[in-house]
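Input: a single structure, listed below in structure tokens.
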Amino acid sequence: DLVFPSLSYRTGPYAAGGIPFADGYADYFTLLNERDGGIGGEPIRVPECETAYNTEKGVECYESTKGEGALVYQPLSTGITYQLIPKVTADDISMLTSGLGRTSAKNGNVFSHVFNFPANYWDGASVAVKHIMEQEGGSLEGKKIALVYHNSAYGKEPIRTLQELSKKHGFELKEVPVDHPGQEQKSQWLQIRRDKPDYVIMYGWGVMNQVAVQEAANIRFPMDKFIGIWWSGSENDVLAAGAKADGYKALTFHNVGSDYPLYDDLQEYVVDAGKAAGAGDQVGSVLYNRGIYAAMLVAEAARTAQEIHGVTDITSGQMRDGMEQLEITEEKMAALGLPDFGPEFSVSCENHGGEGFVAVTQWDAEAKEWNLVSDFMQSDQDVIQPLIDADSSAYAEENAIEGNC
Amino acid sequence: MLDAANTNDVAVDNLLEVNNIEVIYNHVILVLKGVSLNVPKGGITALLGGNGAGKTTTLKAISGLLASERGEVTKGSIKYRGGAIQHQDPAEIVKQGVVQVMEGRHCFEHLTIEENLLTGAYTRSDGNAAIQQDLEMVYNYFPRLKERRRSQAGYTSGGEQQMCAIGRALMSRPETILLDEPSMGLAPQLVEQIFEIVKSVNEQEGVTFLLAEQNTNVALRFAHYGYILESGRVVMDGPAKDLRENQDVKEFYLGMSDEGRKSFRDVRSYRRRKRWLS
Amino acid sequence: MFYREAGDFNTSYAQDQQTFPIRFDRYRYYLVLFIAVFVVPFVVNDYWVNSLFLPFLIYAIAAIGLNILVGYCGQVSLGTGGFMAVGAYACYKLMTAMPEVSMFIHILLAGGITAAVGALFGLPSLRIKGFYLAVATLAAQFFLVWLFNRVPWFYNYSASGQISAPERDTFGILITGPNTEAWATYMFCLIFTVGSALVARNLTRGSVGRKWMAIRDMDIAAEIIGVNPLRAKLTAFAVSSFFIGISGALFFSIYLGAVEVGEAFGINKSFLVLFMIIIGGLGSIFGSFAGAAFLVLLPVLLKIVGVDWLGWPTDIVAHLQLVIVGGLIVVFLIAEPHGLAQLWRVAKEKLRLWPFPH
Amino acid sequence: MKDQADSYVTDDGRTIGPTVMEMKNITLRFGGVEAIKDISFDIREGEIRAIIGPNGAGKSSMLNVISGFYVPQEGEVWYKGAKRPPMKPYQVAQQGIARTFQNIALFEGMSVLDNVMTGRLTQMKTGMLAQSFWKGAAEREEIENREIAEKVIDFLEIQAIRKTPVARLPYGLKKRVELARALAAEPTILLLDEPMAGMNVEEKEDMSRFILDVNDEFGTTIALIEHDMGVVMDLSDRVVVMDYGRKIGDGSPDEVRNNQEVIDAYLGVAHD
Amino acid sequence: MPEQLAFTIEVFLNGLMAGVLYALVALGFVLIYKASGIFNYAQGVMALFAALTLVGIMEGQVPFGHLINAILGTEVHHFGWHIPAFLAIVLTMVVMIVLAYCVQRFVFRYLVGQEPIILFMATIGLAYFLEGVGDLMWGSEIKTLDVGLPQGINVWIDEFTYNATGYGFFIDNLDIVASIVAAVLVIGLVMFAQYTKQGRAMRAVADDHQAALSVGVSLNFIWILVWSLAGFVALVAGIMWGAKSGVQFSLSLIALKALPVLMLGGFTSIPGAIVGGLIIGVGEKLFEFLIGAPYLGGATENWFAYMLALVFLVFRPQGLFGEKIIERV
């Protein structure tokens, strides 16, 4: 059988984010098992292991599940990702970190077993700026953009990219860090109220998101000029602020809602059959969709691997080849019952991160739903690629990696 | 109340009866090995014995404070006015009229002397006036406390704290007071005075006393009846006056030899002490 | 009857002062050490080492360190996470600056640097006491974490702000990086753990230890009988931080391999190690091990039972785990407030009497 | 009273030397409370000096001044012929002044033996490094000091409880352990704050014996606070009487016993 | 008014307000510490638990629904009723009193007379336990708490100050409500502790468990009383903070914001909690605004609050209003 361990966090400070993702991830595979008998006839197993978003528990989970023939890990935590990068490489298991983890892992030449398609944090920053530029009619000259970020490695990710972009486009960048956990942000938002930036970009996580949206509303910052990264763009983050959150924007690398043929199957084979993971009440939420999307990518990679190697019960090494030759096209997604669900992209040995297409969503407080308000746009590769090369080659040097392409 | 001289021929009803109790600390250390006592109503009963004999433990067993020291009564019974109290809450026992003045003072350091005394009246519900009156009474007994009424108890001298502890117990208007080493650390004239107070409280208010005391001399002068404990057992008991006359008690507890009081300077040659049990 | 000291006679003070004065204890201790050195390395695999042994050994060092400060010297500290971070970052800087030097030296040096930082943050302890001091040490915790996050020099200007341990060896055996052997990392940590325990034991049985304990039990009296409180407290802070620094260095370089300061060395770590020593037993080296075992192994055990055997949903198991750990802490405290070590001592005392009740 | 500089021999054959410590015009205030008012007295080498007085007179405070725990607002302490500069309590202890406390201040978390060994701390000097390896210097020093501690333990007859945690001991034994701790320091001056409180006659006799033996065998100077007049009168060479922070008497036991002011303030009735 | 000055004043005012919110959490600590010498690590979790319970009751959520469903295979989630906020608060208070009773009955009753560190430890066990139970009972997703408190900029102040000084000050309505609530609480609690028999008994218990027992103070009663009061304070804090950020696990971390307040004000002083809160609030905000953000890269509030408290402590080791630590031999 095919083993896709799920390192989930249904407890701890970020449980609210971890639950829907884990549900989606598990439900998709359940659907494949129930409806198709697995992938290529090979049944799927998804052993779940609770990490509570804690790196040590993450390691424990990894060690305890890898022996079962795990094919790919999807740790959903930047901290755990960093721990696992050397380990998965040594154990010849792949790791998928869509929209999180180490950005420069996009360079497959250095990071042979790590994949972060379809988009990464730097793509996010770039597309946010691109979106703002569109709003402003093409020029950012003399504009002021504030970055409110979680004061951690994750939150600091976009800074380099934004600095480059500010040089390129001539806007002023203002960095506003918020310390973990971020329940008190009065001084940050007073600064913003005083500085009156034209836009605010946010890289937040957990309670920081809810408080930031609330405080932005309190100082009456125009919500449609407030753009969060995809980890700041779920229902959790806006519901607490109620109607005042209307218009708040967030980036995404997959589509929203549950208006897809696949969801009918999900309802029929999984939810109604009582086989849903968790409470079964998350279907269609942003993070649930992200779980579905991640599972879909993994499943397609497994299928690709089966095709390449001509066996159904693939090994983790074969799975890696599948990941590396994955191609997601419009037709493929439509065939899966997920038309338009995400950007098209293809993976190669050098590029483990896709083309960096990202879209913008907006919160409709009345209807309590997120809507896609832009197309999937490509990030500014001219700015990002050099940064990726620099960072990955530094890593290669430090760890004496020769390159595998 | 009782006449100190001839308690033995008066039939008295016992307010407090301790029956053959065994106390173990920490589940392993056996301290009392079958102690029985009777405390007659309206009497002053003295509990004598050397260091570590188990006097404090006995008193704590009665007042229910053992539990908080990880000790427990494993055998025997303690009855107050006929009802078993060995498994009751300390607060319950105080409500029934038994308060203990603990060894080593135990004042509430951060409360002022006056607050300490008022806390003593915690269980009372007979109104502020009565409490104020008793406060005056305590101040009368211990004028020194009145002077220091506004000081935090933690900053008063050892003797002042001892007075505070006794006064605090009086404030609850108890029926029975368990006094643990009241004379410890008090100046001689104050020791006399405290025992006079005990006596007058006993006589005028009818309060029953059970006191553990090292100062055997004074204790036996004021008590009606005495028990001598050694290593967790009662080794001798009898009316105070008989005990006073007992040769062994005289020698070991009163420091008297046939020639009268010995000088402390004369004790230097090593001398084996007689033990009742060993 | 099975367990007794009758027949054990000490004929010199040196014998009387040994770590395990009772022969039976001594043999048991040798047996454990024998198994740890000559059996375990040959049977362990990655899972056992990475999920159980390494965290246990490393936390045990931290617990020993904190126990010296809290259990022996009575200065409650919540800065453990921060001090572990100092150890980790010192180790990282040393590893990257001097790749050819043995990891052994790096770890010890990291401990030394942490000791200096610890002593510095120990200065307020002269005036501040009890829980006030505990909260004051949080200042160290937050400040250090902020500093390592803020100043890029500490993480060698890496884009991610994380530090990751490059491959390093000692005596030609790889002990950091992904390609290590389970037994090697295990042995490396074991040496430090056993060494720490021995040094801690030696320090606490002699005059230094008595100074600490005197300060703990009654600092004023200690000063009046001739203990210089500032020196005693600062040495406790330094020694304690030394061990904590070692454990932080091992935690980063051997166990996790990559850390982000706020995540790995946050306030939770401080609390966790404090919990270990309180549960294990304050003022007891054995207690440090017991506490570390309790908080590292119990959750894993509960997880295995709940998820793998009973097949319950992971989140329910995780929540139950909290309930059970919390409940057990309370139950243990009620049974014996002075921790597992004391529970063990009382059990021995009873065993000695067994089968007689007293 | 004999001349300050001279030594003399007491009736029972002990030699009392010249003044070792002198308190000059000590005044100590706590906020509004004046605990000690302008008190002067001296302590001579080898003598047993008692301090008596009613509760709250300031006796314990005086001992605290001597051991450097309280710093008097006015006055000087002279020790071994020189004025003592401002000092921390631990420095005072290192000069050879040991004491016991009125409210027992033992280290409750340690065994009796360890408590006694803490008395030796001022004499133990091996460094941290040597101690962490134990074998060698540290062990040697430990054993040397242990021998002294054991001697004290023997002397005070507390061998049987050597390994008992002090928290479990009854009051009287604790007092004895405290004395042992102070003695272990081999002090020049030993300050005892009510060493016999809470003891029965027999135990007081034991304690008296110890005090006398210490004084006699080691020539230790002793300053003693005690409320048992029998003990004070029998043991001491000279007595200071305090009342409300003032000194109201100073002299031999007999002189003090017959001083009317002392009788009024403290003794109540003339003691035999 | 010059811009910089206006901003500084605005930050100052908001610091005061934030301080009040910290103080609300700190008050719970003070109450329990004062009455039993227990440093209650579980105070933050209690706030979370109270808020969770309040939301659960208002929304008619089935307690332990997830667990029941997992075991019995049922599908129960909600009772289908909505309870008005006021009634729900009362019901939550009942739950908190029951909790106080259980804490006393099953934990602290057995720990009378133990050292502070051991009692502290027990509260840690309690915190774990409550956290687990809270999650099992009400689930760990984020919940919105709306008891009808006003939130957002106070328009009146904004306009008034704008007209008066040319710069409209930002004051959050929620903060204004919090300040009023805090003032009422503090006055009430101070009266209680200082002037009632129970208050005096409470302080006595903190000093010496045994002695309190010996004069007949019922530790059981006092502790249940105090834990109930602390539960009430936790509920208030839970409502205020929950309104800002939704009710979720992180709510329990507000305890960390309260600790510097606590040490600065003194563990035993109720007014100290407020004054400490104000000083910390203003201090950290002004420092972040004037020095932290411009020169140190920001996010300095967390450690600065502790450093500030530390500086105060070096001069007054018992905090500004704490009871003097008695050092005598």
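Chains: A, B, C, D and E, in written order; residue numbering restarts at 1 for each.
What we mean here is this: a residue touches a chain if its C-beta (ideal position, glycine included) is under 8 Å from a C-beta of that chain, and two chains touch if they have at least 3 such contacts.
This one's a predicted model, so the numbers in the text were calculated from it and none came from an experiment.
Farthest chain from chain D, judged by C-alpha centroids: A.
Work out the mean CA point of chain A and of chain B, and you get 75 Å between them. Rounded to whole angstrom, the centroid-to-centroid distance between chain A and chain E, based on C-alpha atoms, equals 35 Å.
Note on chain placement: the centre of chain C and the centre of chain D lie 42 Å apart, centres being C-alpha means. Shared interface positions of chain A, defined as residues touching 2 or more other chains, are 10-11, 15, 19, 151, 179. Residue numbers of chain E whose C-beta contacts span two or more other chains: 66, 135, 140, 297, 299, 302, 328-329.
Those residues of chain C in touch with two or more other chains are numbered 146, 220-221, 224, 313, 315, 319, 322. Contacting chain pairs (ordered by label): A-C, A-E, B-C, B-D, B-E, C-D, C-E, D-E. Chain contact summary for the complex, chain C toward chain D: residues 12-14, 17, 199, 202-203, 205-208, 210-211, 213-214, 216-218, 220-229, 235, 239, 283.
Here chain E touches chain A in the complex through residues 7, 10-11, 14-15, 17-18, 21, 66, 69, 73, 77, 135, 139-142, 144, 146, 151-153, 170, 172, 241, 244-246, 248-251, 253-254, 257, 284-285, 288-289, 293, 297-299, 301-302, going by the rule given at the top. Residues of chain D that touch chain B in their complex: 12, 30, 33, 53-57, 60, 102-103, 168-173, 194, 197-206, 208-209, 212-213, 227-231, 234-235, 266-269, 271-272. On the chain E side of its complex with chain B, the touching residues are 112-113, 197, 200-201, 203-204, 206-221, 268, 323-324, 326, 328.
Interface of chain A with chain E (complex): residues 10-13, 15-16, 19, 151, 175-179, 181, 183-184, 186-188, 190-191, 193-194, 206-207, 210-211, 214, 217-220, 236, 239-240, 242, 244, 274, 279, 281.
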